[in-house]
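Please read the structure below before turning to the comments.
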Amino acid sequence: MSKKLRIGLIGAGRIGRVHAENIRFSVPEAEVVAVADLYNDKIKDWALSLGIKNVFSDSSKIMEDEDIDAVLICSSTDTHSSLIVEAARAGKHIFCEKPIDFDLTKIREALKEVEKAGVKLQVGFQRRFDPSFRKAYELIGQGKIGDIHLIKITSRDPQPPPLDYIKVSGGLFLDMTIHDFDMARYLSRSEVTEVYALGGVLVDEAIGEAGDIDTAIVTLKFANGALGVIDNSRRSVYGYDQRVEVFGSQGCIMVGNDKLTHTVLSTAEGFLSDRLQHFFMERYRQAYIEEIKAFVESILQDKEPPVTGIDGLEPVLIGLAAKRSLVEGRPVPIERV
Amino acid sequence: MSKKLRIGLIGAGRIGRVHAENIRFSVPEAEVVAVADLYNDKIKDWALSLGIKNVFSDSSKIMEDEDIDAVLICSSTDTHSSLIVEAARAGKHIFCEKPIDFDLTKIREALKEVEKAGVKLQVGFQRRFDPSFRKAYELIGQGKIGDIHLIKITSRDPQPPPLDYIKVSGGLFLDMTIHDFDMARYLSRSEVTEVYALGGVLVDEAIGEAGDIDTAIVTLKFANGALGVIDNSRRSVYGYDQRVEVFGSQGCIMVGNDKLTHTVLSTAEGFLSDRLQHFFMERYRQAYIEEIKAFVESILQDKEPPVTGIDGLEPVLIGLAAKRSLVEGRPVPIERV
Amino acid sequence: MSKKLRIGLIGAGRIGRVHAENIRFSVPEAEVVAVADLYNDKIKDWALSLGIKNVFSDSSKIMEDEDIDAVLICSSTDTHSSLIVEAARAGKHIFCEKPIDFDLTKIREALKEVEKAGVKLQVGFQRRFDPSFRKAYELIGQGKIGDIHLIKITSRDPQPPPLDYIKVSGGLFLDMTIHDFDMARYLSRSEVTEVYALGGVLVDEAIGEAGDIDTAIVTLKFANGALGVIDNSRRSVYGYDQRVEVFGSQGCIMVGNDKLTHTVLSTAEGFLSDRLQHFFMERYRQAYIEEIKAFVESILQDKEPPVTGIDGLEPVLIGLAAKRSLVEGRPVPIERV
Amino acid sequence: MSKKLRIGLIGAGRIGRVHAENIRFSVPEAEVVAVADLYNDKIKDWALSLGIKNVFSDSSKIMEDEDIDAVLICSSTDTHSSLIVEAARAGKHIFCEKPIDFDLTKIREALKEVEKAGVKLQVGFQRRFDPSFRKAYELIGQGKIGDIHLIKITSRDPQPPPLDYIKVSGGLFLDMTIHDFDMARYLSRSEVTEVYALGGVLVDEAIGEAGDIDTAIVTLKFANGALGVIDNSRRSVYGYDQRVEVFGSQGCIMVGNDKLTHTVLSTAEGFLSDRLQHFFMERYRQAYIEEIKAFVESILQDKEPPVTGIDGLEPVLIGLAAKRSLVEGRPVPIERV
């Protein structure tokens, strides 16, 4: 393929910009040629600095452009499923940020359109592309720890998002834990069959008043017999805490955190090492690059994307079951229609 | 008190011997003066080597000896509650290995007799005396991590006990997890109000055939609003894995494992550090010494033992609820009569 | 300053390209507008991809261009001092890769011209800009470890450079240890007064035949009374090993390595963590960005560059003394004319 | 051998008592049957508590007792060599604390008497028996790191000994570094051929006024071509710092420190782990037990002790050369007569 893959970006908020910059600086096989954003005035300078000449307010301009091969859907969640449908019908490959939707019917309809159109769809679970988690995945695949018995995931944000965001976030399980549900599926190579959720409002009462929780423990049963548990908090004062442990018949794999520096101060108090990295933009910097590289590669080499539509659907199924479990105070099986 | 505290040991199996040796070599204020064991012939040489002259087959000899101040009950679990009753009636202070009993009625009766007699009773949850866990407890007490939000306990044995033992063990939750229930109460300084248990037979099918499980995840709700989770396995190939994490509003405390050596080999493969210590006798060597020192001190200074009868009762309550949760597949509240 | 700082790159080998790319992607206040390289044909595509339109074979084109504010001298070491002189006379600010020269007279002449011209000169000791080493420097400056007693630096390359390079490298002390001499001065905030060097050919006999060594221990005396030691090897099979330890009256600061991933595999063999990063391009990726940002900032804000001409001279003085020490088998004082 | 090895202890100061207690509690094949100490009145209670009935002020009582198989010489250094001679002539096996003497002639005479008498002599370099250092030794012996290129030893005491002790200690190199010289020989399996010493008085001026130094860096050349360096300080505020690094053609072995607990507090400040163990009595607790077991075993099984007379002589040779190097400011070859 002599010419570059031509990409249109829909939604130039924080994460959309990261993808565009990563393509510009790290993915020579592709280029972002157009961007559509409701606030198109505000992004013109940014787009120019990346050499993106076409800046629209309306995403239909991108859908209609026959020279565009693929779209990145980075707009608000409520627009995802309809944009997927539009893009599929326009014959464009699709990268869509998570979650596809909170409504299972809409997700399933979108996936059907993708299938009908025969385009690629990759969902934005970037953690799978983190070098440490990927290495864990590979070691498991090589049988280094034998059969999987237990999976433990710790995921704690440095601080809660704004209340306005929380109100439209879909709740902790669909906004935050959804990444952990994906990680659980990724590392176990199995599907979740049942979920039980404990939750509390321990960080900030305003979160509770907004109808959400800020602290949770969620247990999982997997189809392969393994057991799992995830713990979440919206506020970790020592930084963004992202760990995984997979325990099996022949060993255990632990993925730990990286610290801001590798400098340790030892005094009469003990040994003080640095805080963790601040948040996901720093922790998953490399993962975001690898993710978009993989999307471009799946198109150029015509192979299945590493995170599929089903991978987009399943965590929403689990998240909805977790919400129900929390309300009803009992374990809830995952029902797949 | 010019003379030493005189102690009678009942049951000279592995743990009974450890206590006697620790008293001999590390607790100058006390001495074991008599030992009763059903297999008294087999322990005579051992007793002699420690300078214990009186070796009986029948524990009543110890109960009747007016010169004996305290007893260590280290015989099989089914004898604990009646021996506590006997010792209390004989006016002797009591150290009893965990669990007191599997039957709540018997435990409560035993505790009543102890209260009536006004003797000390300490239950053998030695992990509270481990320097690392104790330091965690102290840091929490000093408010270093603020309010507690999450408690996570990992407890994995290097290999399962013999099947014959498993059959009379009371099951994973009352044999193994019971220590973790105690740790959860110790570190949270709160009571467990509800428990939910997931379990599997993943290590050895024979354990399942014996009616038990070998792998578990147990979630906990605490009266103070905190959430907890424990994970257990009967077989960890890399050694005895004992970790705790307490996460709070101002930070997190993690207690990690010690390794056999502090030697690291770095080659083209990476950095290889040593296995964990083998099992509880090595991991809690210091804890066993501190535990028995604390028991002797509580008698000599006439203060409350650091692990009380209630501390012996509560983990059994939680363990029985966990068993029920596993059978019924639902969270079970802890009921206190 | 509304317009960007305009930079000319001289020498577009590996390190020159890194600087140009870092400016393009991470230093919005500056732009590389021209590049001169003997093999200018080979770099045209690369230059174009960065938007650099002027590609010359002759650096004088850059010197003569009045629109160019600053030059990056990244050509071979034997050209550094004369290019500094030319650039200074042309009134351009100068960033020069280390070492300035192996000849003290040439260095001093170059520094004189820089002083006369009143331009900025920064020398390329990028390790000072590594976040971990910089944090060590700051903690020391804050008095966290009191007075400095001992400085220990470990610096081991993953593999030796080609023999052709070794022959013109100036030898281990001026090619490799020179960075450690700079680090020693940086962290001690003091000057080296005496050096003693032990060396061996333990990695590859061909290095010895080329007149160099591949393994060394160098001790240092500092003007402030502290003692120091550096150890070097040209081949570390577990990756690029870069550590520092500064021990003082009130504590110790240790800077450790980063590993490729944070994934640990624990099995019956023990705990296996990942190799170190491969080499300086990976290890000092962030440092190279920070270094060039600091150079641009020193010009734009008219302040002293963080690595001065004297900082370029001193490590050469120490390196030459170390060479002499090795030959003569005795400690050699640093003589400053 | 049906009866126990009968041991006489000469000198019941701190280290003598440790040996006696270790034999009592951990070496069932041996017993201390007599102790001689100038201050015999002060040790009677202690001796009694261990079941040692014979307490003398004069060591000749032990030498003359035909029932005693071996002696432990734990008296002051100035008595070591003559006691070795006496014990050898009396046909007793000998364990002698380090150093044998500061006078090479006396050491050589003592070793000759030992050889003539055909008794065992083990010198008290206990670090060889530390499980971590021993594992390093074994991994090296298994060829895990290939040929040895560099050995680095860090040895820092928590605080200086009393000035009165320093005055008779033989100086830093013979009192403190002597253990590191032994470790260097042990791990390299080679002899030191040249030493160069840097020293300073940075901890306490009174140490300098007493004619000693408190901070040092010592470089070593080994017969096998390897290079080495030792750094010492008399005061490390974060605890007793004992580390070793052996770097070779195929990898590197690092022996690190153990901390007081495995508890880590993470807050907004970072991750705070515990101080190191206090001093050698805690750090080498297990090593002291293994050392004396090995001595007993070498006698009972009639094999060469793991630390021989030559192992006692060589570190003194190196220490004396280091002293000379410091005074003369030049590297000093080790001369063996």
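Labels for the chains are A, B, C and D, by order of writing; each one numbers its residues from 1.
Rule of thumb we're sticking to: contacts are C-beta pairs under 8 Å (C-beta built on N, C-alpha and C of every residue); 3 or more make two chains touch, one makes a residue touch a chain.
Everything numeric in this text was worked out from a predicted model, so none of it was measured.
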Which of B-D and B-C has more C-beta contact pairs: B-D
Chain located farthest away, centre of chain A as origin (C-alpha): D
CA centroid of chain C to CA centroid of chain D, Å: 43
Distance from the mean Cα position of chain D to that of chain B, given in whole angstrom: 39
Euclidean distance of C-alpha centroids - chain B vs chain C, Å: 58
Touching two or more other chains - residues of chain A: 237-238, 250-252, 266-268, 274
List of chain B residues in touch with chain A within their complex: 147, 149-150, 152, 154, 156, 196, 198-200, 202-203, 215-217, 219, 221, 225-229, 231, 233, 235-238, 241, 247, 249-252, 329-331
Residues of chain C defined as touching chain A within the complex: 25, 28, 49, 131-133, 135-136, 139, 144-145, 250-258, 260-268, 274
Contacting residues of chain C [partner chain B, same complex]: 237-238, 259, 266-275
